[in-house]
Amino acid sequence: MSETPPPEIVLGRNNYGKSEVRLFKVKRDTAVHEVWDLNVRVILEGDFDAAHYLGDNSKLLATDTMRNTVYALAKDRLIGSIEGFGLDLVDHFLEAGPTVTVCRVEVTQLRWRRIEVEGQPHDHSFVRERGERKAKVWGDGTGTRRVEAGIDDVYVLKTTNSGWENFYRDRFTTLPDTDDRVLATIVTAKWEYDIIDADFDHLWDGVMARTLETFTDHYSPSVQNTLYRMGRAVLEEFPEIERIWYSFPNVHHIAYDLERFGTDNDGEILHATQDPYGQIEGWVERRP
Amino acid sequence: MSETPPPEIVLGRNNYGKSEVRLFKVKRDTAVHEVWDLNVRVILEGDFDAAHYLGDNSKLLATDTMRNTVYALAKDRLIGSIEGFGLDLVDHFLEAGPTVTVCRVEVTQLRWRRIEVEGQPHDHSFVRERGERKAKVWGDGTGTRRVEAGIDDVYVLKTTNSGWENFYRDRFTTLPDTDDRVLATIVTAKWEYDIIDADFDHLWDGVMARTLETFTDHYSPSVQNTLYRMGRAVLEEFPEIERIWYSFPNVHHIAYDLERFGTDNDGEILHATQDPYGQIEGWVERRP
Amino acid sequence: MSETPPPEIVLGRNNYGKSEVRLFKVKRDTAVHEVWDLNVRVILEGDFDAAHYLGDNSKLLATDTMRNTVYALAKDRLIGSIEGFGLDLVDHFLEAGPTVTVCRVEVTQLRWRRIEVEGQPHDHSFVRERGERKAKVWGDGTGTRRVEAGIDDVYVLKTTNSGWENFYRDRFTTLPDTDDRVLATIVTAKWEYDIIDADFDHLWDGVMARTLETFTDHYSPSVQNTLYRMGRAVLEEFPEIERIWYSFPNVHHIAYDLERFGTDNDGEILHATQDPYGQIEGWVERRP
Amino acid sequence: MSETPPPEIVLGRNNYGKSEVRLFKVKRDTAVHEVWDLNVRVILEGDFDAAHYLGDNSKLLATDTMRNTVYALAKDRLIGSIEGFGLDLVDHFLEAGPTVTVCRVEVTQLRWRRIEVEGQPHDHSFVRERGERKAKVWGDGTGTRRVEAGIDDVYVLKTTNSGWENFYRDRFTTLPDTDDRVLATIVTAKWEYDIIDADFDHLWDGVMARTLETFTDHYSPSVQNTLYRMGRAVLEEFPEIERIWYSFPNVHHIAYDLERFGTDNDGEILHATQDPYGQIEGWVERRP
């Protein structure tokens, strides 16, 4: 089971941890319950050479232990934002793994809103909303902590006030210009905080709102321009945010050729194609 | 390419058609746009023996033609409910296929709601909602038409007012009784109309509302009892609906054993497991 | 918790059971291990009125008990085909549920083949193959049993010897004829046995082989004709099989227009599109 | 449409391109056809400030043009490995985009093997294999090129000769030691070449073979140790490979408790759980 590693082939950067820890918490001390529905991932980095080279597990925290720990700590520590819970988990695992130097915790929050009954939100019944909330916390043994938040899986679409014109043309270019098209995308965003004790729930709601509103408020000459406008709107409003990244698939809606059948089609009848798609990504940040 | 079919091995019931026709329509004659985002499937039954036995395609409508037709007819016929559009498509294809005797059209509507900006719904910008709306229309050459509507992919959850007690026990039973558990499911529903000119949009909203409200309004002794209550609430309110079927996975949320770590857990910390799950299905209908 | 059902709204056909029971069995009594990797679903029908109307669970077998039972019975009963195991489970559950009248068991077998090391199959190491094997067993209290087997998720493709010509044309038809196209599909098949003690493993392998070979052995004038040929080949070889059904998406591979760039394209460069697709389905059966 | 960017909020690192270009090529100049079934992604980096700040698209190559280009170049350039095709695409796009400084091309190859008929591989009929082949090529304007290859979605499993013992224990540890467990994972690998004109097809097959064989050839005290052994086997055999990375979910197979039912279970009856799972990742590389 053990052997001496050869001098020439070595272990490089590595990590291990537990994924898909599906933690559900109910705050039920009053009649109005609150819920957290989370998918937690724990990742540890450190000196794990003995396990890799020698099959010596004596310094490895089992991933099953990581799972137990996430549930056990949720009882007292999961009381507010997922960013805050992530910070607590990072603190714990940096201590718990005997040779751990870095811990990353990634949390996806599935979002539930209260069912409305006769216009009133219900005390303990919920329906799932689209769009996931993300948080990633990174920490090391020197006390450094980094917090990143994110949005995933939010589909948005506008039926006009978007175009794609005057782009560069070469011999493989066949796409015509348009100053009126459907613009559709799936928002993936992530952003970095410069502090670790912000009001993360309020900030997340604010980034979502600024992102959606900016999507509506201008003629979009390109996904790129809209991406920059969104990032600028977020950074102008929230000084706690250092920089923000968006990734936008351009889900193409192509006018279907109905002239062949004697029918005109002025941007009304479109094919929402699944493949292929443009993909536009970038950071918007404060000038250093 | 052709051959005589042997007498002993014959073609049985069969059908063909086009799936995943991703039709997107914008109503843009005023500043306030409306959208339909549909996934359409067309299925034809009829006498297709010559194609199967002899490779003779002369009586087959190409599935590519079906696609063209869906887009072409959407221009004038997709102006209200997906049930109404499905009825028009069925009428068309029963005529269009030279040997067609039955046509089924299945429509899935992806749901978009307007983005709110400063509390006002936007004219032409939308965000996708969870939960799909379904319609299936069946017709034959004698003029018979059947309309079925449906709901898919609506996650609901209640954190209390649900139990599972006093069930049958045999030697393989280990589950304890509980009078307080999380009840979580994903609503799939379908229901049949007794008329073909109903206000289908209003009815669909009504079934969704009754289903969600009933989920909240009682102590659930079992998924079965809640299923029956939902169906009864729908049928009592909407005489146009003949019968309704629900399918409910029972997405189990299992209390995590924290006593091992000296922590009590009174239904607060749960594991939302992915596998396996109970599945409860049934029709609720009017007594004949 | 209990109430009298109203006279007018009643429970119709219904069932319940357990899905996604992920059973893995190792036969390890010799050095050469064998594995079964199954996804089992159990579905019961019967008189469950009391549960639905009154919240009375006393005649309901818990779905958790069904899960326990599948694992417990696998020890002695899962020794050969999944069809055989399904028959044993059906026998058990018809007895186990106090008011059960019908039991269906659906089994999906994930397929593993031995890793080859220096040309020899390994004793206990496996790699997953594409293509799922299915079995469904249906039984009732009168002793009737029905066994259906199936194939899912087998992708096949031929690059020539397939066409689509001389089909019916109407005003919405734009597709040109072709006598040389790529034919690609994903095989889903199911077939019914007329006996319950066949050599199901041998038969399943045989149906898979006949299906693949028939795919290669003729010019295909249509998916319909190939479907019929496959079914006939299976029924001619295996008298134990009563009838067989195939479902074939027609995964279109469309020549990309390179003439625009001064390049000819004689069926070499194609776009493998994801949407939409034709869908052809049918039974092939013995003449009654 | 244009505006001056504010001095404080700027564009950071960004890129754009085309994803899910589903290119299928048939080499059909002899009776024995060959196929490439690819999913191509093109990503460009460069000076795209004008588009983001000003809505000026004049220096942007349209992503639709990228798609056209991939198909057009496939005619003459896709004649061997996907790594070679990726290098040609990178060369092209570095020239084609007026302000492009970096191009990345990612190719996923879906794998087809010939259908065997009476023991002979068929000329033009294929069935899909599990396991994807990946290539990523990176290039910049200075002539630097980097080539990475990869494996994805290969499920492997061994039923014995694996354990997990003598690991670190803390107060949240409940997992017992075992010296005989099922080890199951899904291989994701990537590796970097130190040359750009290697026999990439031969090398890919070799890495796959070494990975599978190493999986079988030792008692695995941990996923970590097996990961290192695999990497070492690859690097020892192939000097063209600089370093290799594996990512292994630990798909847990848990013995089902049958003692409750009076049945012993010596590692035979297991639950193949879907959630959560351990995840082990790391590079194995040559000592600098």
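A, B, C and D are the chain letters, set down in written order, and residue numbers restart from 1 in every chain.
Just so we're on the same page, contacts are C-beta pairs under 8 Å (C-beta built on N, C-alpha and C of every residue); 3 or more make two chains touch, one makes a residue touch a chain.
In this text, all values refer to a predicted model and were calculated from it rather than measured experimentally.
Engineer: Under the over-half criterion for shared residue numbers, do copies chain C and chain D use the same patch or different patches to meet?
Structural biologist: Since more than half of the residue numbers are used by both chains, the interface counts as same.
Engineer: Can you tell me which chain lies farthest from chain A, using the average of the Cα atoms as each chain's centre?
Structural biologist: C
Engineer: For chain B and chain C, let me know how many angstrom lie between their CA-based centres, rounded off.
Structural biologist: Here chain B and chain C have centroids separated by 22 Å.
Engineer: Quick one: report the Å distance separating chain A from chain B, using the average Cα coordinate of each chain.
Structural biologist: Spacing between the chain centres: roughly 30 Å.
Engineer: Please work out the Cα centroid separation of chain B and chain D, and write it as a whole number of Å.
Structural biologist: Between these chains, centre-to-centre, one finds 37 Å.
Engineer: For chain D, write out the residues touching at least two other chains, lowest number first.
Structural biologist: 20, 22, 68, 72, 172, 174, 260-261, 273-275
Engineer: Which bits of chain D are touching chain A when the two form their complex?
Structural biologist: 1, 5-22, 41, 43, 48, 51-65, 67-69, 72, 96-98, 164-170, 172-175, 219, 221-225, 227-228, 231-232, 235-236, 243, 245, 249-250, 274-287
Engineer: Can you list the chain A residues touching chain C in their complex?
Structural biologist: 171-172, 174, 260-261, 273-275
Engineer: Under the touch definition given earlier, write down the residues of chain C that touch chain D in their complex.
Structural biologist: Of all residues in chain C, those touching chain D are 22-28, 33, 35, 37, 68, 71-72, 74-75, 112, 115, 117, 122, 124-130, 154-161, 182, 212-213, 215-217, 253, 256, 258, 260-261, 263, 265-274.
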